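Let me begin by handing over the structure; questions about it come next.
Each chain carries a letter (A, B, C and D) given by its place in the written order, and its residues are counted from 1.
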Amino acid sequence: MESFLVLSLIKAAIVFAVLMTTLAYLQWVERKVIAHIQVRPGPYRVGPHGLLQPLADVIKLVTKEDLLPPYVNKPFYLMAPFLAITMALLSISVIPFGPILHIGPIDIGPLHVPAFETAMQLTDLNIGVLFILAASSMGVYGIALAGWSSNNKYALLGAMRSSAQMISYELPMSLAIAAPLLVSNTLSLRKLVESQAGSILSWNLLHGPFPQVISFVIFLIAAFAETNRIPFDLPEAENELVAGFHTEYSSMKFASFFMAEYANIITVSVMACLLFLGGWVAPWPAEYGSSFVPPLIFAAAGAIALFHGLNAARKRDAYTFPVFGVVFLILAGVFLLPIVQSWLLPLFWFAAKTGAIIFAFMWVRGTLPRFRYDQLMAFTWKYLFPAAMLNLLVTALLVAWTTK
Amino acid sequence: MQLWLIPLLPLLGFLINGIFGRRFSKGLINTVAIGSVVFSFAWVLKTIAGMGDLNSSVTEHYFTWIQSGALNIGCDFFVDRLTIVMLLVVTGVGSLIHIYAIGYMAHEGGYYRFFAYLNLFMFFMLMLVLGANYLLLFVGWEGVGLCSYLLIGFYFDKQFATNAGNKAFIVNRIGDFGFALAMFLIFRNFQSLDFATVFHQAPGATEQTLTLIGLLLMVGACGKSAQIPLYVWLPDAMAGPTPVSALIHAATMVTAGVYMTARSWVIYTHAPGAMDVIAIIGVATAFFAATIGLAQNDIKKVFAYSTVSQLGYMFIGVGSGAFGAAIWHLVTHAFFKALLFLGAGSVIHALSGEQDLRNMGGLRTKIKFTCFSMIFAWWAISGIPPAAGFYSKDAILAAAYAHSPAIYWIGVFTAGLTAFYVSRAMFLTFFGEYRGHEHPHESPPVMWVPLVILGVLSLVGGAVFNVPEFLKYVFPAVVEPENHALVMISIAAGAIGILLAAWMYVWQPGMADKLAAAFSAPYKLIYSKYFVDEVYDATVVKPVVGGSRLLLWKGIDAGLIDGIVNGVGGRARDIGSAFRLLQSGNIRSYAAWVLFGGVAVIVVMGIAGGLR
Amino acid sequence: MLQAVPISWFLTLSAVLFSLGVAGFLFRRNIITVFMSIELMLNAVNLSFVTFSYHHKEVAGHLFTFFVMVVAAAEAAVGLAIILTVFKNRATLNIDDVSSMKN
Amino acid sequence: MDVILFLIFAAIAVVCAINVVVQTHPISSALSLVGVMGSLAVLYLLLGAEFIAAAQVIVYAGAIMVLFVFVIMLLNAGAETRKGRSLMVQFLGVPLLIFFLGLAAYFVQRMFPDNTMVRFGGFTCAGMQTGESCGGAETVGRALFTTYLLPFEVTSVLILIAIIGAIVLARKELE
């Protein structure tokens, strides 16, 4: 009992720390990506290649004056950001990041821990998918309340738009989720991944009686809308409603909305990765040398960094690049250690897949224009929803046909 | 062997024309209507070809239609030689008449409606013929009744047409009532309505039962085949378009009664009493109808009465046990009577609507094809060899003589009368000088080609199709004494009739009117059809109408039923107005009431449940 | 200190929630609030359904709850549409103003 | 542990429910109702009804109540006006309610003596061995598509009708 509690606390701490850093750095990454899409360096001043930019932002947001506009509905105004961020972070608690770990007996001085095994996951609900759906569906309240309570017509409009949009896009998203669930016949995220074990061909995206390409696309589209990202970011359409539902928010409250948005992005990307891309499963089995891919990548990165460091284009690079190079090479080495491989490799693949999807988010933001509101609604109700329905139907039929 | 296809094709034709006909062009309507009938005729031929030697009958079961208790009615079709004869007549003559109708109806309104009805009629008629049990037969029976009603009243904007349609419908209901009773009796005694079962068990039943059944069936047959006392509807049925008169009221439907009685010959052969009744009715009908026919001036009416009288002959045949001969006469009659009607129609068409014999005459030069083809029919009906009518009528008369000479003599006299009035009609139409004002014009080929075909058939049909021979194994053999005297006598009767007519209407014009003046009282009597319609009107129609108006309508419907209904409504209103006081319009008070009720229910349940 | 929850507690809780819903229905005047009280009652009933399902070791109760939810969803859709229409036509949400059914 | 959980969430539920009734502003009531539903979901989990708990949050809290909030925002409904009264309610309501509650509690106590105890994960069905959860999606789904297929279909029709009705009611008046 106690050991369970302790373990959960440790895991929670780790996950929270990692998540928070990721959230902070995602923003840096996004700015970089968009900058390079728009052929400009992006954040560059704070730290090498602006690596310390998130830190600066955090400091700014924390130290900024937290002003409370008059005529707002106080309790809800204060409650909204917390709701948003809570609901956003809640779903992380059931996401499996990797396989079950077998941790040998540890004897470090006074600390004696017998051998035990634990999942790289906070908790394994056997209705995990439903839990995530529930949490994401609760996410609307944060936005709706924020918009309503801040007693500002722009905010209200933004909030109503976003709640309508979220309700509408939840349907195709749920249907798109249901199809791969049918294929791998479980609601527990861990079993879901285990059912896709093997190679890329056994992922739900390509495997099964009916490859789930369609539902993958539908899921991504709906995910863009659920997270209020371009091209569906009408709730905070700058040129129409100053900043949408969080017009009246500043400093940490604003930050928490921001974090909530990024946390949602991570959640949906992770969901896509788990549902369609086989979670932490390598694209091809280890016996064909999939375990050497990460070291190779990192080694290559390190080599390139070193090369650029040796003949530096700018003076500062001569100091920064070699550091990166060395770090990368060390990482490559770490990946070769057999003790850590068992849990590092899955994490790598998991992160790689999720990262790819997140990159897609940023890419789209850098390229696509924004929908008009009626187009948005018409799109989901007239095309997305029927398509998802049809896909689910076909999948169900084929599954029923092929099983026994 | 896909018997279902035979009736299905006309049904399809009906559906297509009935639903889309309004938008179709005439050509398309013709294609559908004629095509369906001709195809089913072809299918009949194929079926016969597929049956090899026709000694064994074929039954096809499609599905169980009604299943309740012992009653088990299947939708089965049944083919034996008798059915084949009927099928050939119905589809063959039917196709010819359909083709003829193209020309005749060319200028009429409701074109698609007409052909849709006609196809529907074909469907029901084929159901009637093919049905393997009395109920299926009855379905067809009622169906043809319905179609005849629809087609008689085809010109529904004319009062007399609709009246005639209603008359036909109602009079037929009387007959069908008898038929239905007969079916109940059959089921009660044999626990089945299938022909096979019934006829297999029939010999075992008591004679009274069979006689009763036979008589009831005969009532139905009288209704459908226009026998005394139910013949009154047929002459009025001439209000319909002439092809209808030819197809329904001469060739096929009216012979359904004969077919039905012949089909149930087993019952009749074991019920001689019923057979005698049939024979007597037949001869009476034949004679009376013939006499009426003497004095009619409407060409179609003349032929209508002659139809009635010929049907009487068929009943004589059935009644005197010569089922084969009856069917034979049915066939030949289908040929020559259809021809006579179509010819009459052609004449009417030529005179653009003129139907009165007194305004015709001398048409033989003007409309040759019609004239010559009709002359064959004239021979046939007058029983002059070698025309078709001679053989069949002669066979019937011979059987009648074997049965009872009295019937034979009346029959012969009637034959003479028949010959006389048909000849009268022919002479008045085609000979002498033209008395009308219209400008006669020959009908288009689409009309006269069928006439010619029928003409050939009515000339050689009797000799070629020896129906009794064909049906030898279906019906019990009849002893036919080879008695040439009888043959001679009947031929002589026909000849005398013709000559008399020729003398009165060709050589001595005006003689007819003198005679009519001389015998004015009997002339009046037959001219006005023995006042039968008036008698029926006084004895049956008026009392029924009055009774239903006074008792059923005023008394029961308006008084009792409406009283009850209004009373209920009134009480409901009173109660409602009492409860209306509760309606404060305040939803929350309603809710409070609901809560009150709920609590009350819980308390009651608790007390009833003894507070377990 | 008992280790498990007596089943009657659940049922009592459900009864309490239900009566609160009724109270809301009776004493509130805002149509939307009244409607929400109905939902509250439904939830209370659901709780007792699930509890009975636990009591009888039967999954049936869950099914009933499921159906209640579906019906509640349908009801909410129609009901809110009705409320919108009422508001559009009468510009009021007070339930006592909507009493044109009175004689 | 179970008892503590139950007490916590029961307390939350009751407090939120009271809040639903006493709050004058619809949106406060709505959010309190969401609170009730959330705590009920936890109680469902305690009773071993995982699927129902998830459905409760998704359908009720996530869809229906969002709809409510949406409508409240749309109509911009303010605090309710205290006018209009009903004698019926004033004089009959409270005593009836109290009587009803007492009655219900009494019956519960009478009909359910505390012989069944609710333990977390203690929910087992007749045909299943202990440990295997009975309230999971599998069991509910199987029952839904075999025993309760007809009601299920009927409900789908009902929903269709509801959709059409809602559209008809809420659509713009076509002049």
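Operating definition for what follows: contacts are C-beta pairs under 8 Å (C-beta built on N, C-alpha and C of every residue); 3 or more make two chains touch, one makes a residue touch a chain.
These figures come from a predicted structure and were not determined experimentally.
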Checklist outcome for this item: Neighbour overlap between chain A and chain B returns D
Checklist outcome for this item: Between C-D and A-D, more C-beta pairs in contact link C-D
Checklist outcome for this item: For the pair chain C and chain D, the C-alpha centroid-to-centroid distance in angstrom is 6
Checklist outcome for this item: Distance between the CA centroids of chain A and chain D (whole Å) is 32
Checklist outcome for this item: So, in whole Å, the Cα centroid of chain B is separated from that of chain D by 72
Next on the checklist: Quick check: how many Å separate the C-alpha centres of chain A and chain C?
Outcome noted: 37
Item to check | Touching two or more other chains - residue numbers and ranges from chain C | outcome: 22, 26-27, 29, 95-96
Next on the checklist: Counting only residues that touch at least two other chains, what does the list for chain A look like?
Outcome noted: none
Checklist entry - Out of chain B, which residues touch more than one other chain, so two or more? => result 584, 586, 588, 591-592, 595
Checklist entry - Every pair of chains that touch: which are they? => result A-D, B-C, B-D, C-D
Item to check | For the chain C and chain D complex, residues of the former touching the latter | outcome: 1-13, 15-24, 26-30, 32-33, 35-37, 39-40, 43, 46-47, 50-51, 53-55, 57-60, 62-63, 65-67, 69-78, 80-85, 87, 93-97
Checklist outcome for this item: The answer for chain D against chain C in the complex is residues 2-3, 6, 10, 13-14, 17-18, 20-21, 26, 29-30, 33, 36-37, 40, 43-44, 46-49, 51-52, 55-56, 59-60, 63-65, 67-68, 71-72, 74-75, 77, 80-86, 89, 93, 97, 100-101, 104-105, 108-109, 112-114, 116-119, 122-126, 134-135, 139-140, 143-144, 147-148, 151, 155, 158-159, 161-163, 165-166, 169-170
Checklist entry - Of all residues in chain B, which touch chain D in the complex? => result 584, 586, 588-589, 591-593, 595-596, 598-599, 602-603, 606, 611-612
Checklist entry - For the complex, which residues does chain C have touching chain B? => result 22, 25-27, 29, 34, 95-96, 98-103
Checklist outcome for this item: chain D contacts chain A in the complex at 27, 31, 34, 50-51, 54-55, 57-58, 61-63, 66-67, 69-70, 73-74, 133, 136-137
